[in-house]
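Note that chain A is present in both complexes that follow, paired respectively with chain B and with chain C.
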Partner chain A sequence: MPRWITTAAAITALGVISPAVQAEPLKIAIIESLSGPQTSTGRLIATAAEYVIDQANADGGFNGEAIQVKEYDNAGDTSGAATKFREAAADGAHVIIQGASSAIGGQVTEDVRKHNIRNPDNPIIYINVGAEAMELRGKKCHFHAFHFTTTAPYRTVPLMQVMSEQGDLGKRVYSINQNYSWGRDMETAIVDNADRFDYQVVDKVLHEVNRIQDFSPFVARIKSENPDSVITGNWSNDLLLLMKAVGDANLDITFGTIFMDQPGNVANAGNVAEGHYVAHSSNIELLDEAGTEAYRKATGHYPVFIEPTTLNGVGLFAEALKKVNFDGGDIDVNEIAKAMENTTFDNGLGGMHVRKADHQAVIPIVVSQVARDVKYPVDGTELGFKPIKTVAGEDAIYPAQDSCRMRRPE
Partner chain B sequence: MRYALIAILALLALLIIAPPLLGTGWQYALINALIAALFAAAFNLLVGQGGMLSFGHAAYFGVGAFTVIHLMQSVEYGDIPFPTVLLPLAGAAVSLLCGALAGFFATMRSGVYFALVTLALAELLHSLAPHWDEMFGGEAGLSSMRMPSLGFTFGSTLEVYYLTLSWVVICIGLLYAYTRTPFGRLTLALRDNEQRIRFMGFNAHGTKIVVFAISAMFSGVAGSLMAISNETANYSVFSTQVSALVVLHTFVGGSTIFFGPIVGACVLSLFTFVVSGVTHSWMLYQGIIFVLVMLFAPKGIGGVIQAHIEQRHALPWKRLAAPYALATLAGLMVACATVFVVQSLEIVLSREYAAAVARTGEYAPYTVFAREWQVFHPFTWLFPVLLLVPGLYLLRRAFARIQTLWDKDDDDDGDIAAAPRELMEGGH
Partner chain C sequence: MEFLIVSTLNGVIYGMLLFMVSAGLTLIFGMMGVLNFAHASFYMLGAYFAYTLSGLFNFWVGLIVAPLLVAIIGMFIERYMLRRVHAHGHAHELLLTFGLVFIFEELIKLFYGDFPVNYQRPDYLNFAIFNLFGTDYPFYRVFIGLVALLMFIVLFVLLTRTRVGMVVRAAERLPDTARALGHNVPMVFLGVFGAGAALAGLSGAVAGAFFPTNPNMALELGVIVFVVVVVGGLGSLAGSLIASLLIGVFSSFAVGLDWSLASLFGLIGLGDWANGLGGLVTMPLSSISATVPFLLMLIVLLVRPAGLMGSKN
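Presenting the complex of A and B:
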């Protein structure tokens, strides 16, 4: 027993002396869906985030040490995410990156908020690169959460604007969306902008999420209203089957979409997709070739779908790290968060920064059209996304929500 | 019985003493295992004892969770004073009501029709919840914070762990006590022969409603504990996945024994926690375990343990030791071969590996079992075969030997040993 005590004392003494020698490494936890149905999205996010951190490490890391990244598999459910959050917190993570689902985003952002209230000395930053629910920037907003993806109104406004300028929006707009918070956010955005872009919402439909196999009854309804364009926030099967049903009915209607660039969509839809619009936060056609080729060399593919958003978000974070210096001492996460508020990052399309009121990133939005004459065709087809116009972040962004009351640390 | 009591007390002591020595990740994993155990025990009251297979128990679990999160929000905003430690009571009450209501309809039928009605009722909630933001919080879910109560802040995971442990121990104790009451016996009779119950003058439908409601109530407690621990509730809790998981836990553990589902839930939850941190193929392993248990030990892990305990005086332990050791060794060989192949494929077929091959033009060696392997070296693929073939052969031999030893015992006293034969052969 006495020997044990002396050893313990010796170790403690060493522990007191050593911090000056050993710098504290910055630890990043990627809590993503790496198994189960959402793996394809989760994997893309993890790959893109690790790519940026690898580059930062190649440039000398942070605080005199390499930045440490660890993947945590939340298995696609909120309980799994809660478990992995606690594991990551116990591992001493300073930053958490997540994005494949708003449900998990809700869990992670709340876990981070409560962790920071209970452990004000060891706060954690949440970097959201994919969860689009408005509520995360509204009622659930807090100082340590940063949202680098867009929301329903954020993408709808530029989409409408460009479609209107191109003369493809028309006067009669049809709104069809999935009946849950995201789809309802979309519908609100479509209805709210009617006066601004001078159109009439001829009908609005909310339908079940990913349960409908045959959209022909909906297409019959669309046909009877004779719209010029259909705006939808649908994703996955709900988007594909809807487009196909409209194509089968030989209707000449332009689609304005949010998720057309999900891998596989263009291949599945085929020629039906041609001429339709998509609003996204980046388009590879506009990016610097050296950068995209470097990305392909490292990961085996060009940045697609949610990867550019992740590259932008984590890129801004890495840029902010250059503004803080702890001289190899303890890392103050609040300082990093404040630096992120004051960082402007060029994502290849223009400058992006974080809005202080709700920590929503102000990002330029690209509106593209599915077309043949493109540099990077997708999904092994001849089609790709031809950029029509880039709308500056300030022109596209929605006003900060009143429900966000952010408490800032002193 | 005395040994059982000692074993339970020892386990309880371990559950009380060990967690402070573990990290918060493990503490939280234990909380989840305890909640899963209570949920499985509550579910098994219906399935194992009442003979009613429900495919929609997520509904009552979720109702408990949402009840508690709403109550927690009211407490947080100061509308209602309600002690944190007693929150599960509210979840229990609401789930009891919902269970009685749903049970009234579901128990009008039995067998497959009963299962389908429970599934339909759960799906009703599952499809309703995303449309009702005020009640279920939309995609981002509802969230609250635990308020201090009885001198505890409930800020640390450890305090939540002890709260969960207390509730789970009390509830499992109550569920066990239930099986000992005359009504508990009636539940068993309901499973064995419903007709007979009616002839004996009991109201079979009424009894089934009560059993259903009690099962729903304890599921609600489990859901409440989950809401307290996560401090959030999301409508994904109503998904069929949650209902399926509790079925999986119950059958892997063994639905015919009271403690079976509890063992199954603990083992599988902790398995998920540990293995999902190591490999992305953990769902595959979980599926393999389920299939193996269903094929070779249909009474579940609990059934295997119980058969051994019942036969402990009759079995020739000394002669069994060698074949058991052999079976363990052979099992390990087969498991190693399987894990090796799965992990190798996971690495070699991954995008990262494909990207590395495209970048460097060569197939780099990869690491499994702390050793480097060449993709195209024959030994890499011979290695699992060398483990698998003798492993399977030895496993068969060992089990044949074990079977004869159990059967010999069968000759001595005929009737009790019917179980192990069933256990080894997979008959029902």
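Presenting the complex of A and C:
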């Protein structure tokens, strides 16, 4: 159910009074999977995004008004997202935040692009905090889309680099991924970096997404190649079941993963998870304690999984808002977009900014290992994510794709 | 040889799991004619109840009490929902249970959260039963297979060799005659539905500790369970068992075999040409292993429309 969050009371309490009655409030639409199988991701994104906006409102809002946030439930599919996009546009949204699923991301970014062509005076910004497909930064890139999450090569290179430095990558690498755009991007990244980190891809498998209950046949196949490590972009059940199946067979293989930090993974995998790697865009162990405690106080839990990415992305957006001033008049979305291009935001691990060529955020990548001696154990276990190394964004990022031809407004 | 043995073993155990979940569905359809879409939701409820109970008491209490709780929910649904729409025909029963799927899914999220819960088997069940070509084989997989086998034997004997089974079959085949002979037919149906739900609950309690217990588990298994029932022949218990094993073994072998259409062309010397085509032609079988059950269903429906053991062939 959509819900406008007004913090007008908080603002009045702080003594900030709206200068003009006519001021246009900034409207943000969160179009997320708030029901259906992807709720676990969508809900976290909405929580983190609202946390940042609430803080911005506590600091006085924008344009003399509280920033308005409204949740739209896309129910986890593209047609739902398209419907909700039309609703949000009709409600006068200036900004759309979305993250769960690249397929939905593709739908939203295209809808935004078409809307902006038809309504050049009333454009919308798309803030992508979770869709990792390369295509969104390539063929589908456009001026009003900002990508604050990484992509397959962006995470794979630091992951491989650190695993190789730690001596856990080995010479024989097994690639197993999901058979859709993301998994294919991962497989390409794993194959492409073989010479750089001196390994051999002994076998590569693509399997269906979240359809397989029993991974033991895949374990039999992995075992026959005798790999040192398995690199996978699998998420949710596909990662959990794969790890458990390998653990049950008692094979000594190190996993290099992208989504190990999804809540529930470590608890369900148990001790099997220990020693495996994950490459993520932030690690709570490295963050300032005051910030993480404040987050826990407001939301009931520490920032995990996709929440830090969302906090960073929406955080940069909120920072950019401080650079534009419409004096309580009409909001010019293009000005905000330009300000976002020129904003540097400290995400606690270093500065992050947006690359102008394709609007991919340049963010540092943390490579962590599941270990016992951590400050923040997860899922009620003794295990947590011990940061091994932070790789600077400039060293990790992939080159902008030629397929991105961005047309900028004058 | 190693491939053959390991794949067969993996396939058979997975097949037994599928049978365990679909047995209740077969029972309900075979004896009542109700196509229960919410069956996999009962499976999920079983896993979650067992999770809660194993936290409060222990694993075995969960294993025994969870199916009973699910049976009570099942009987409630039969008595107060399904029976009301029964007169309107199968479509209404189907739609009703279809709606229940979503309600159960969101209810579970409401009470247990969006993420998988930490439902684990006890440590003393966590050992390797034997070592096969250098790979440990977990005991719990064998345990799942044994529970399924036991379930089949009990059900089969109960339905075909006892008085209870006779009454149940009579109530399904000739409800009016059964009623005339003094049997309480609605009560029989209530019991059958409860038993079917309990079977799903039991399989959830057993399998949930091996696979993750999460709000999507009904969705993940829901479709495949229907495939099992259709391939086996609607309502046939033995058919379900055969279909489950077929699907399990075929899926398992499909993963290990890197066959593609291109390799088929290779046999007649057109391999290079086919590989050059790319796309679907070079897609290895392992990438579409989860599609194997549906392919099997298609073939069975074309050849034997009533399923392998269906009575109307």
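Operating definition for what follows: the second predicted complex is superposed on the first by the 389 of 410 C-alpha atoms of A that agree within 3 Å, B and C clash if a C-alpha of one lies under 4 Å from a C-alpha of the other, contacts with A are read in each partner's own complex, and residues count from 1 in each chain.
The working rule: a contact is a pair of C-beta atoms (placed from the backbone, for glycine too) under 8 Å apart; a residue touches a chain by one contact, two chains touch by 3 or more.
A quick note: this is a predicted structure, and the numbers were derived from the prediction, not measured.
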Does chain B (first) or chain C (second) touch A:E208, or do both, or does neither? both
Just checking: does A:Y376 make contact with chain B only, chain C only, both, or neither of them? Give me first, second, both or neither. neither
Between chain B (first) and chain C (second), which does A:E135 come into contact with in this model arrangement: first, second, both, or neither? first
Counting only touches as set out at the top, which of chain B and chain C does A:L251 meet: first, second, both, neither? second
Which positions of chain A sit in both the chain B and the chain C interface? 35, 39, 43, 179, 208
Given the complex, residues on chain B that touch chain A span 23-25, 27-29, 32, 127, 130-131, 133, 137-141, 143, 145, 155-157, 226, 229-232, 234, 236-237, 241, 272-273, 276-277, 280-283, 351-352, 354-355, 358-359
Please name which positions on chain C make contact with chain A in the complex. 2-3, 6-7, 10-11, 13-14, 17, 106, 109, 114-118, 120, 128, 134-138, 140-141, 211-212, 214-216, 219-221, 224, 248, 251-256, 286-291
Write out the stretch or stretches of chain A touching chain B in their complex. 34-36, 39, 43, 47, 72-73, 75, 77-80, 82-83, 86-87, 89-91, 102-103, 105-107, 110-111, 114, 117-118, 131, 133, 135-136, 140, 179-182, 184, 208-209, 297-301
Chain A - residues contacting chain C, complex: 35, 37, 39-40, 43, 179, 205-208, 210-214, 216-221, 223-224, 237, 240-241, 248-251, 262-265, 267-268, 270, 379-381
